[in-house]
Amino acid sequence: MNPDVLLSAIIFLPALGALILAFLDSRAVAQIRAIALGFTVVTFVLTLLLWGQFKYDVPGMQMVVEKDWIGTWNVFYRLGVDGISLPLVILTSMVSMLAAVASWSINKQHKGYFILFLLLETGMLGVFLSLDFFLFFVFWEVMLLPMYFLIGVWGGPRREYAAIKFFLYTLVGGVLMLIAMLMFYFNSGATTDSFNLIELAKAASGTSETLTKTLSPNLQITAFVLLFIGFAIKLPAFPFHTWLPDAHVEAPTPISMILAGVLLKLGGYGIIRVAFPLCPYGAYYAAYALVAIGVFSIIYGAFAALAQTDFKRLVAYSSVSHMGYVLIGLGVWKIGEATGKTINPDMWLMGINGAMFQMIAHGVSSAGMFFMVGVIYDRVHHRDLNQFGGLMGRMPLYSGLAAGLFFAGLGLPGLCGFIGEIFVVLSAWNYSPTLAIVAASGVILTAGYILWAMQRVYMGSEYKGPHSEDITPINGRELTVAGVLLAFAIILGVFPGILFDMMQSSTSALVDSMQLGYEKAAATLNELQAMR
Amino acid sequence: MPAELNSYLLVGAVLFVCGVICMATKRNAIGVLMGVELVLNGANVNFVAFSKFTTLGLDGQVFSLFVIVLAAAEAAVALAIVLNFYNNHLTVDVDRGNKLKG
Amino acid sequence: MVGETLKFWLMIAWLLPLAGFVVEIFFGFYSKNPRHSKAAAWCAVGCIGIGFLCSANALRIWGNANEWCVLEAAEHGDPGDTQADAGHHETDSAEHQTAYSGVIYTLGVFGSLEVTLDYYIDSLTLVMFTMVTLIATCIHVFAIGYMSDELTDEYVDHSAHTSDGGHVHRPGRFYRFFAFMSLFCFAMLGLVLAGNIFQVFIFWELVGICSFLLIGFYTERKTASDAANKAFIMNRIGDFGFLIGLMVLWTFFGTFRFGDTVVDEQVVDQGLFSMVHRDGTGNVARDEVTGDVLITDTHGHVLTNEDGSNRQIPYYLLVVIGLGIFAGCVGKSAQFPLQTWLPDAMEGPTPVSALVHSATMVAAGVYLAGRFFPMFVQEVLLTIAYTGCITLFLAATIAMVATDIKKVLAYSTISQLGYMMLGIGVFGWAAGLFHLITHAFFKSLMFLCSGSVIYGCHHEQEMPKMGGLLWKMPITAFTMLVGVCAISGFWLPFGLHFSGFHSKDAIVASALAFIHANPAHFMLFLIPLLTAGITAFYMFRMWFYTFVGKPRDQHVHDHAHESPWVMTVPLLILAAFAWFCAYGGESGHLYLMLTGDEPSHLAADVTAATAGGINLPGHAAIHAVHDDAGRWALIAALSGALIAYVLYGTNVVNVEEIKRQLGGVHGFLANKWYFDDLYDALFMKPAHKVAAFCAWFDGAVFDRILHGAAKSMIVVSKWDRVFDETVVDGFVNLIASATQSVGASLRVVQTGRLRQYVMFIVLGVVALFAVMFTTFPG
Amino acid sequence: MFSELLNNLIEDTLGHGLWYFSAELCLSGTIVAMLLMRLLSVDRLLPTFIVALIGAAAAGGCSFGQFADLIAAHDTMSVSFFGGMLRQDLFSVFFRVFLSLFLILTIALTVLTGIPDNEDAPDFYSMLFGATIGMMLMASANNLLMLFLGVEMASVPSYVMVGFLKGRKASSEASLKYVVYGAGAAGVMLYGISLVAGVLGTGDITLLADRLRIVAEGGNAGLGDPEVRTVALGVMLVMVGLAFKLSLVPFHFWCPDAFEGASAEVAGFLSVASKAGAFGLLVRFCVGLSGVPETAELMTAFGVGLGVIAIITTTYGNLAAYTQKNLKRLLAYSTIAHAGYMLMAVAAMLVMLNSDQAPGLGKAINYSIGGLLYYLAVYLFMNLGAFAVIALVRNYTFNEDIDSFKGLISQSPALCITMLVCIFSLIGIPPFGGFFAKLMIFASVYQAAQIHWAMYVVLAAGAINTIFSLFYYVRILKAMFLEERPADVKPVPLPAMEGYYVVVLAVMVALLGFLPQLVNGLSSIANEAGHAVLLVIGG
């Protein structure tokens, strides 16, 4: 398929589905579900097609589409894919598809739900595929509307609180990003490439042919902080994480899957696609903070998870903990004071790769965990960890699959969670032994809270909560979702090379350009000092 | 600017201040409107004085003529509104109009 | 070529159980009659049995390829014949290659860094493979009998209670047991085959999770799931250290591989073992100025960084690596201070205890310590030695008072693992691993025997309720006796010594040689010696308690019976191995096979003090004290056995009386030195406190900050009267109360009074005027 | 000589003046026509609104014709006509088109909602048209006299329209407050005009800066000079009048009361149109005062001062909206807040225009005014949409409280979607027009911040206020979408026409956010208009 068409089709196909749904009779529930699912499936197939056309050895962007959009502001409709975005695109379409299957449990206002659901998918895919800062921002904010309603209308008892909290945090992040966006636009001369993420990145490393100006090193720090807070909110990193437990807990199961599976990745993706390449000096300047925040998130999230009695909340905090690894992996950039060169660039490369892998892995495992919580919640309508037990006997297949997915979250070798965590941690000693040790201690706590939760839910002699009579074995639809996720968890865990091969050339290029960017900024600073 | 101008301006300013005080203190709506007239006339005095003493020239006179006409029109509308207020509240005490607040 | 062939056979042996696992779990779940079919069991046995044949075949091929050079070189330990070669030399004679390594597949490549799954095959790998598959096969067969009561739709679990006081009734889970066992075999064999330390870590975790699944097999029992969690988390604590070791290793060496990857006789990828060069005294090569350890290539030349400086690692970090890896071993092998999980792990079915928690998985710690030996510096080894020494004594003392037959065996396992660690720590590399093999046989034998007893007594595990079972179950009793003699290390004429005699003798000899060289560490000899006696004591105590004397519980005694053939045949096979596997002692084939790939720097007979102030005893030194040590050990064992006989085999002394006399000590021991309570108070409770704090902090502080900003604003706006009037539900109430209260107070400004409005025009003008003239330029 | 003058005057008037003034003339003619129709009882045969629509359309057509002329001419022109009283450039044409379009939409809304009834229609539309003429005058004023006349002309009919619901206490109270407040503000403004015009000796706005330079020449250009001080005082008093029209804090008090008392249609009209006119005037006034290096420092300070007022206004508007239950009142505060956002653009313009880097910033300055105009254009649709929804719901529930909107989604999705789009746009979330508008304003503030640090504070305040505004807007959404419809609230069965009307508005709001032709076209025209208004000082 023509790449121009393919990328746009991937983004807008779900939106088209939403449009079609809008004209359906709201009582035709079966058709609505089928059409929505159909569109997610086709989108998924298209992303696989994208994968098929993807060339592994190209370091930069591929299949770039560039069309005029808003000329007066030099805003272009720029799309493209590289090794960093491709895995996330595939993850998004897959999780969306599975979440659509999981959406059978939605029991009111189906039409509105699926319309918003599909719009959400469009927003997510748009963020991953856009190469124009403005377009990126537009898609970023577009996700807000559907998400607000998906949580607010179809959520749990405190849904309104959760929805607005989500809205608030995201908006704060968006506003900060907006300011950073303006900084880049005007400081690069407000030319046709001033919203072009690729050219801006090149400008930062001094290799752009079209942009000669960019942020000064000091402004880079400001811009990086603005962008980082914006993205850290999504990630979420301590201390910007408090929206997450509420949103996750109150959202309906499929939306929790998407939240954990995809939305959190937007934060990491934003850092790696926007914040890092555009302000390399800022990134270097803040690297220690990044790693420290990551480490603290890991420990803090794990401890908080340990104390939860709500099953879903526990899983939500586990996300905080797991996403901490992403920050560590991205931040382990060490530069020798004397040489101005990256010390052990391969270690940092490994960290970035590990962080990327961790994002994908967490997308699979946490989506799975949320789904598993949802399956049992659909039956017994409570999530109190102290009122479960004995499910292993009552729902053996479900418990087996759940154990697999929880082990994936625990970071068991052979499942996806392990590779990301371990690679990130291995790359961390080079940066800071202390932080690396603290990060590594996360393995104990993680094992603690996951095993403790599993013990309370799946083991034990009998089920202790209400609605015992409603506990029925897992059905085929649920089995499909869980099975697919578990299969992905195993495949990624056993053959992580699939992903690493995909990302390799892009991440190496990133590391190189960051090094150049740092050197350029350092040179500028030296000049300034000399002038004084 | 010539020195004589200042005395006219002083008159204008006094009128202006009186008008403002009148507007802010009178409870009777008509009284308030009279305050408005005072303010406008304070300005008129200025205009005329300026037209005499500065390069503003005839423009100042034209200004004040327009203002006088406008003041009449405005007063008419205002009085109609006061009447309407009276119809609804049976008073022209502006303090009684305090339903809309917050 | 040979390497490829070996890889082929061992990969089959390794992957077959995985296939078995998949088949068993799927067909077990979806077949029509999973509850009554033994198909899963036979599948599992078939897989591991073929695995054994493959390993044996691989062993044969390996031997043929190098013409069994290791067996011929019986006297290779002669002092002075080793030129101090760098690290782990490939073979003891140049023309015979005995170690093969290579890549299975790549996990990820990051520039020059590469993480792969490798294989590393040398004599140790092959011996371990053969041992594991053999024992596992026996245990699988045994388990068919032992687990047969799971072949039902309505299994009654007498140890799990429901809230109404009844027992849990559940469908049997025969197939699941064997599926987990197969998975475990896969993981364990993967660990042995692993060609790099990272891969070891992978399978390290996998055996851990299999252990978790098997300990928690009776998920309905709270005790079982508790024990499973405890086992896994304790292991994770060790793995935390392991991980730190890995991080340092990775950062400074940039590779995880053990051996060099050789293509066309050229080293294309250098392994860890040749990166740390040792001189003739067993010391690592160090930079003369900084004291850092130099990283060298295979031929001992120092490697350089891109900028031309020498690649080096601070010495203390090399210690950290060693200690870190050893921390993993401590967790896995239940060494002090992480020993408490293993006794609890006895909650699992007995075959699990036999396979996982005595013969294989717990020995993996020792295996790793042996495998990674070339990277250990003296300080690390001393730590290993002392850890082993403390553990072996501590566990043995607790075993003396334990009454649960499996717990006795569990503590005995810990104690024996301590011996192995001690052996490795005092430079008795071969001795430690030798004991690993022999222990695997006799300990799995004893566990199976205990399983047979338990099965025969209908799941009674308390020894005080047994007694007099000798003729009720003779095969079990006598095979058990073989095991007891083996672990006690008894000597028999005509070289028919029990295997334990040889291996323990080797360890004690190493220890004796060590303290000859380093008299300050004399405890490293005395305690093992004493414990050898204790070992014999508690083992015979167990045997006498169980099989002789008067029946203490008539009911149990009446219903006891000998087990069926599927259970006794494995016992007999294992008994044979437990007795004779070490035939020939240190000239025997097993020992020679093991030492075939011994790290070369061990052989050097050096007594000069090394980096850590430690003198290394060489082979010759050990050999010199061998007979002495053997005698001492035998005397200790015999006295221990004699005391046990007097106390429990005859009725001349009242045991209860002694117990009462030594009440304090007994209580201390029976409470396992209070380690569980200590850990609970030290770690578990604080962890939960911190967790609760974090959760509270999240809810109370973060949200409170937002809400608190609200409150402070309310205080600021004291003139706010109507704040409470406005109750807007939902979020506005909570998070926005700050701004809301301001908003509400702003309403006060909007009084609705016209005159005030006009007044505000005036005030506004005046205020603006004032501001303008005070701030604007003059 | 007199004849020459007369000839010039006639030529000026007939040659182009009348054409430039055609839109206003159309509106005036329509007023006369409507009043005559009632006199002749033609209004029974031909509904007044049709005449009104035709008149508004004619005005729109004329404005568009002027617009087309300007675009076709390809050169940016700026001429004064009617003896220098008014000015014709793209800026004023932009406002004419804008106001005519808005007039049409408002008339359509009043037709749909049935306010006013047939009896009052000529009166009502006359007022509406009169006010619109005033606003057009404001946007094209070139003289301080026209400034005052325009403001008064826009205000006086507005007072009446606010009080148009004659029988209602609230309505009469609102109009009384409005008229008194307005008259007071107008008086203050007039006094300020007298000072400015008198001291500077001219009423021509474009000459103000030059005269200020001359006045200041003797002494320094600071406030130490008594004449400069008098001018500054006068300018400040003029600003009070404009601030009243723009409902800037602290001259906003009339706004919530008037909006609550008025009908939603009128409130919608006032919130957009009078604001638009006032901003046009403010820009012209500020431009007139700028562009002379000697007073740059003073004017920069003035710009920063406006920025501070903008901060206070936005924050006040957003915070005060929190606890409102009446939707019109809530939107009144929202209007105040949005006036603050737009004022930021003017502040940015002033700061940039009076910096020594101004020549290099030409485009940026154009864009700041362009951003303001774009904002107004989007604001037209989104605010009108919101008020239209309120008016339509009121017609069924006889209630304008937020409670009557609860669970509305179950009854009339079209209204809810429109409200949703409008509100998201008001918050400033892409892909709706409000986002783009806000972005443009933030962009110009950011650029101004490169010149004066205080604008960073303004930018930050703008950003924070975006978040503040979230809460009360979302309350409306929450009521509509997330809550159940109470049983005692009357149902809202929406007829098709009304649905189409609001949906068209919503679609416009959305399209202004991402349809390239529309966004490009409008923003480039807005920027051009921004350029045009600066021509008088050679910008």
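Letters A, B, C and D mark the chains as written, and numbering starts fresh at 1 in each.
Just so it is clear, a residue touches a chain if its C-beta (ideal position, glycine included) is under 8 Å from a C-beta of that chain, and two chains touch if they have at least 3 such contacts.
The shown structure was predicted, so the numbers you read here are calculated from the model rather than taken from an experiment.
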{"item": "Chain occupying the most central position, where position means C-alpha average", "value": "A"}
{"item": "Distance from chain C to chain A - Cα centre to Cα centre, in angstrom", "value": "35"}
{"item": "Separation of mean Cα positions, chain D and chain B [Å, integer]", "value": "25"}
{"item": "Geometric centre distance via CA averages, chain C-chain B, whole Å", "value": "95"}
{"item": "Mean-CA-position distance for chain D and chain A (Å)", "value": "43"}
{"item": "In chain A, residues with contacts to at least two other chains", "value": "160, 164, 168"}
{"item": "Junction residues of chain B - those touching two or more other chains", "value": "20, 23, 32, 94, 97-102"}
{"item": "Residues of chain C whose C-beta touches two or more other chains", "value": "730-731, 747, 750, 752, 754, 758, 761"}
{"item": "All chain pairs that touch each other", "value": "A-C, A-D, B-C, B-D, C-D"}
{"item": "Touching residues on chain C, where the partner in the complex is chain D", "value": "726, 728, 730-732, 736, 739-740, 742-744, 746-747, 750, 752, 754, 757-758, 760-761, 763-765, 767-769, 771-773, 775-778"}
{"item": "Residue numbers on chain D that touch chain B, as the complex places them", "value": "144-145, 148-149, 152, 156, 159-160, 163, 166-170, 172-177, 179-180, 183-184, 186-188, 190-191, 193-195, 197-199, 201-203, 227, 256-257, 260-261, 323-324, 329"}
{"item": "Residues of chain C that touch chain B when the two form their complex", "value": "722, 747, 750-755, 758-759, 761-762"}
{"item": "Residue ranges of chain A touching chain D (in the complex, touch as defined)", "value": "68-73, 137-138, 141-142, 144-145, 148-149, 152-153, 159-160, 163-164, 167-168, 171-172, 174-176, 178-179, 182-183, 185-186, 190"}
{"item": "Interfacial residue positions of chain A with respect to chain C in the complex", "value": "160-161, 164-165, 168, 239, 242, 245, 300, 303-308, 339, 344-347, 349-350, 353, 390, 392-393, 396-397, 400, 407, 412-414, 418-419, 422-423, 425-430, 433, 436-437, 440-441, 443-445, 447-449, 451-452, 455, 458-462, 464, 495-497, 500, 504, 508"}
